[in-house]
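Working notes, structure below.
In this document, chain identifiers A, B, C and D correspond to the written order of the chains, with residue numbering beginning at 1 in each.
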Amino acid sequence: MSDLSTREKIHPGTAPGEDIALEIVGDGDFATTDMTLSIGPAHPATHGVFRIVLELNGERITAARPVIGYMHRGFEKLAEYRDFRQIKALVNRHDWLSGFSNELGVALVVEKMLEMEVPDRAQWIRMLIAEWNRVLNHLMFVGSFALELGAITPMFYAFRERDEIQYLLEAATGGRLHFTYNQVGGLKLDLPKGFLAESVRLSKLTQERLPDYFDLVLGNEIFQARTVGVGPLPPEVALSFGVTGPTLQAAGVPEDSRVTEPYLKYDEVDVPVHLGENGDSFDRFACLLYRIQYSLHIIDQIHDHLPAGPVNTKLPKMVKAPEGAAYQRIENPLGQLGYWLESDGGRTPWRLKMRTPSFSNVQSIPYLLEGMLVPDAISVLGSVFFVVGDIDR
Amino acid sequence: MAGVLARRDRALNPEETEALLREHLGEQVLGSVVEFGTFTCKLAPEGWVEAARLARDEPQLAYDLFDSLFGVDAREEGFDVVAVLYSTSTGNRLVLRTRVPGGRDAPRLASITEIYRGADWMERETYDMFGVVFDGHPGLEPRILTVENFEGWPLRKDFHLASRAAKPWPGVKEPAELDEDGNVIERVPEIGDAPGPYELDKAMAAQAKAVIEQERVEREERERKAAERAAKAAERQARKEAKARAAAEAAAAKAAAAEADADQQPASSDEEDGA
Amino acid sequence: MNVELTASLSPAVFVPAPSAFDLDVAFGITVAIKVAFILALFLVVPLVVGYMEHKAMGRLQHRRGPVAAGPFGTLQLVADGIKFIQKEDVIPAAADRKVFALAPGLALVPAILVFLVLPFGPGVWAVDLELGLFYALAISSVSVLGVMMGGWASANKFSLIGGLRAGAQLIAYELPLILAAIAVAVQAGTLSLVGIVEAQATFTLPGTDLNLWFVFPQILGFVIFFLASLAELSRPPFDMPIADSELVFGYMTEYTGIKFAMYLLTEYAGMVSMSALMVVLYLGGWQLLPGVGLPGCEGAGGMFDCGWLGAIGGVVITLAKILILTFIMVWARVAYPRLREDQLQRLSWLVLVPLSLINLAVIAIAKVVVF
Amino acid sequence: MTGHDVVFLLVALTTAGAGIMTVTSKNLVHAALFLALTLTGSAAVFLVLAADFVALAQLLVNVGAVAVLFLFGLMLTRAPIGREALDGQHRGLAIGVSGGLFVLLSVLIIGAFGGEGVREVTGPGVNEIGIALFAQWVLPFEVLSMLLLAALIGAIVLARRSPGESGTEAEPTHIELSGDPSTEAERRPELTAGGER
């Protein structure tokens, strides 16, 4: 779908933009002064309240320093004051683009501690909605990344699909961002009548429109010129930072919780994973696009498998997790989301640690930016996918 | 992906992992537990860095993905620091856990940023939330998530939510209520008694307390007045009724007298007034 | 209306009157009407182009564009203009106030001055200079001073980088632009814009009667000129001086209200004047099709010496061609991301400049040998 | 005095004023902007004297390119943003040189044209200029272009440093640091520290 020959010209080890035409550095009379450029907290490229301080020599970045915490809302503390069933209304807010996946993680970890059997139908529906949520999230990033590189159209294309999917999810959950559809032990409600037909239609429609994105963005010469070889992240560095999700898969590491540690019913469906070669911006974006395609593939399989039955279990009047700690990770759209739930046997969690993908992903940004140009910084910021709420929590 | 899963045959099970760790760390491995499918290894703080290095470098372990590092409040004994590691080659997860020396007053632990890059921000966050100082970390300050001049360590249990101190959580599911057996859940503070180091916290609590006290005083005053008014009204009512009753009796007596005296002389007006 | 192919600039700008009271009244009225007409064009055509951009972008992006202001949203830009006038004029505290205030004007004035020489139809031009092409290119190169002044005076780092990029971009693309234009001048044998239109109306393929516009022999030059003018105007995909996702809004970041509107108007006026130059240089001016004259016109290919009908028809044809060219600019904006500054420099110095030199050499040789 | 003379006088006075401002401005960027105004003014002087081609060439080359390059260089290197002043170190020398030049040129020009007033001349058209340049004076023209080429190459040599030279240029840290972050932390402690202080 795209011509990757340009990538081969880039030697895997070279620093990005090394052979640059205008090089204005020097000593004595020709020395240029360094400049500190603060991108953010409110800047178009940070899509959220996030700041990155760049030390510039000309337009070349000599050092980068992310400043986070502007959106810290203390969810981990708040969760300690909530019933186990109430936490889900908190967690679908930290990564506001993947609300369903977040609450799914909490539901799973609580169920794990309660050793609760969740009905099959609920698990399949959870998978269905989670995959739609993934498509929704990735479409947003397809649009916003292209927008950051100056292409305004993919954003509108992405929102065309997003709107329809939003309506679909709204029909089932009643929400557009904060679904609160999961419950401990299952789901709030069963799917509404006609949902599956619409879901099938939308999946088909989106699959038909996907080649547009591959052609318009991935196949675009200028897009390739802006992303190929920009910000390569070697796999061992990515792992050391804890980078996960499409950013890690772009580096060629086959790690996806749905495959390597299947939860729900992911072991009963075929989950393809696209792997990149160089871990550069182009690969990261390609992985994102392929994840949309493969999510739709999974959705199609769920349509065929969805069993009948109840969607929730009767909960005791008092939900008390036994003393101990449990860890559950799921593959969030942006990467691996982990919840560490520790209970002292009471009605509220003793400690709920949210291991969010954006936090670890953003940590790798200073490493990626050093020695790059300002426009490349935008390319990297856009392709190391993060949501600011997910960093700060 | 299939290739990755195939390599998992060589993965060590928890017992083997613990044996391997004990072989290198000896006494510093304090124990281990498998909870809800997660293998947790408890370490002495002296073996913390070495264990992390071992987990990364030992080919049989190969925990290459640094998942997370965070603190847990361990009540009066201080704090625990937990590191979650994952191996992309074996598919195993290892949780390292240690109790930070120094208690609640001066918790200090060695940093593992030398081993895992991702530990940098995670340790900064732990410092920010619990005040655990990591020796060897390139720079814990400025605070990563809270504002720079923030006072106190938010995730410690003795740091109470300012909003919760000022206003109890509405709703019947409130954890601060009595549970079914009628016992108060102890760690949720009473209104206003938050000993949190955060001044605003105290001020807000005091303010809220004052407001509530004021409301209570006013309410009592109102109730007292209302009671007084009610008492007076009742008194008046009683008097009125007594008067009416007396009048009615007098009228009846008069009527009877009139009937009786119908043939006699009419009664004088002075007699009527006296009644 | 007669044709003045050899007028000089000085009599037009500075009337060489021996006595201040000895003015030719008729001449004065003609000049006044022409200037008024050109000013009206200057104010209206960019609005039309702006509206076209709104609507075309909307349709290309699966949306409708403006619909609320006026019929079919036609008054959207007028409403925007009124909004800009009402807005508070904010000047940053650290800014160099005088330079900051002067900069948008300095950018706008050359854009107006270029319109003086653009021929929109038979007889519809303010002045026909012998050096018209040279004049247009020289004047339009001054605009960037206003951009750089604005970028520097805003006391904002994003603005400064935007201004620097604008300067670098102008220097890089001035050369291919002028080299491509020179090739046209060589083929036409004149620098007068009207003369170039006339040369195209009468140019035939050697050995045949086939009338051709210069775009056919100089398709390479046309492409170079088009790309270079996109870069000069900072239009996507060469909009690095603005680069809203990197530099917030480049040199315009700190500007508000009417000053901001002046920068915007400069951009749209630039689109119109560059498109008009391309129409004149390559697309046969107001000629409908190669070899087809205007109704009611005589002289050079049936394009000069026209009545009112021919003049109006000529203006309509020119404007239609301008709209088509500006539509292509909008199309490029919709379809492409932004290049990087160093990639843009490389494109200019390593691709466009050599190609334009080759183009010039080929045309010069052909001029001597074939034409 | 004709209208022509009045226009000439106005333009000339503006130009002279801008020239003075150029050398007396304490702000480098202001000086460069006044230089641009001076050059524009001299273009206008040429225009008044009916030398269209020279005027436009002046505008295109000196204002559109040279002044822009000046500004570019200033902004890229050390010009403070905003209103801060920058004072020169060689004021006396500058006054001496420019005063000397002024006297020299004045003497030469007055000596050559002193007797004649400002008058309109019909200068050669662009055709004549072209023919003169590329037929009669082609050799000096080419020599001049060689000089410019030499200057260009010299500038590139001065500006460009070969990769091996000393300097502060950042080494490509991406290659060396494959697994061990400690080296990076040692080299750039302020980086890993994060945040602003």
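Things to note:
Please note the rule applied: contacts are C-beta pairs under 8 Å (C-beta built on N, C-alpha and C of every residue); 3 or more make two chains touch, one makes a residue touch a chain.
Quick caveat, the model's predicted, so the values are computed rather than measured.
Averaging Cα coordinates per chain and for the whole protein, the chain whose average falls nearest the overall one is A. Each chain gets a centre from the mean of its Cα atoms; the one farthest from the centre of chain A is D. If you average the CA atoms of chain C and of chain D, the two centres end up 26 Å from each other.
Measuring from the averaged C-alpha position of chain A to that of chain B gives a distance of 31 Å. Computed centre separation for the pair chain B/chain D is 70 angstrom, with centres defined by C-alpha atoms. Centre-to-centre spacing of chain A and chain C amounts to 45 Å, using the average Cα coordinate of each chain. Multi-chain contact residues of chain B, defined as those touching 2 or more other chains: 116-117, 120-121, 144. Looking at chain C, residues 157, 168 sit in touch with two or more other chains. Of all residues in chain A, those touching 2 or more other chains are 236-237, 240, 367, listed in ascending order. Put simply, chain D touches chain C in their complex at residues 2-4, 7, 27, 29-30, 33, 36, 40, 47-48, 50, 52-53, 55-57, 59-60, 63-65, 67-69, 71-72, 75-76, 79, 81-83, 120, 125-126.
Chain A meets chain C in the complex at residues 17, 20-22, 35, 37, 43-45, 59, 146-153, 156-157, 160, 216, 220, 222-223, 225-226, 373-378, 382. Of all residues in chain C, those touching chain D in their complex are 8-10, 13-20, 94-96, 99, 129-131, 134-135, 137-139, 141-142, 144-145, 148-149, 151-153, 155-157, 160, 163-164, 167-168, 170-171, 174, 178, 191. Those residues of chain A whose C-beta lies close enough to touch chain B in the complex are 68-69, 72, 74, 76-78, 81-83, 86, 112-113, 236-237, 239-244, 253-256, 259-261, 271, 273, 317-318, 324-327, 329, 336, 338, 340, 342, 346-348, 350-351, 353, 355, 359-360, 363-364, 367, 392-393.
Considering their complex, residues 57, 60-63, 157-158, 161, 168, 236-237, 239-240, 243-248, 333-343, 345-346, 349 of chain C touch chain A.
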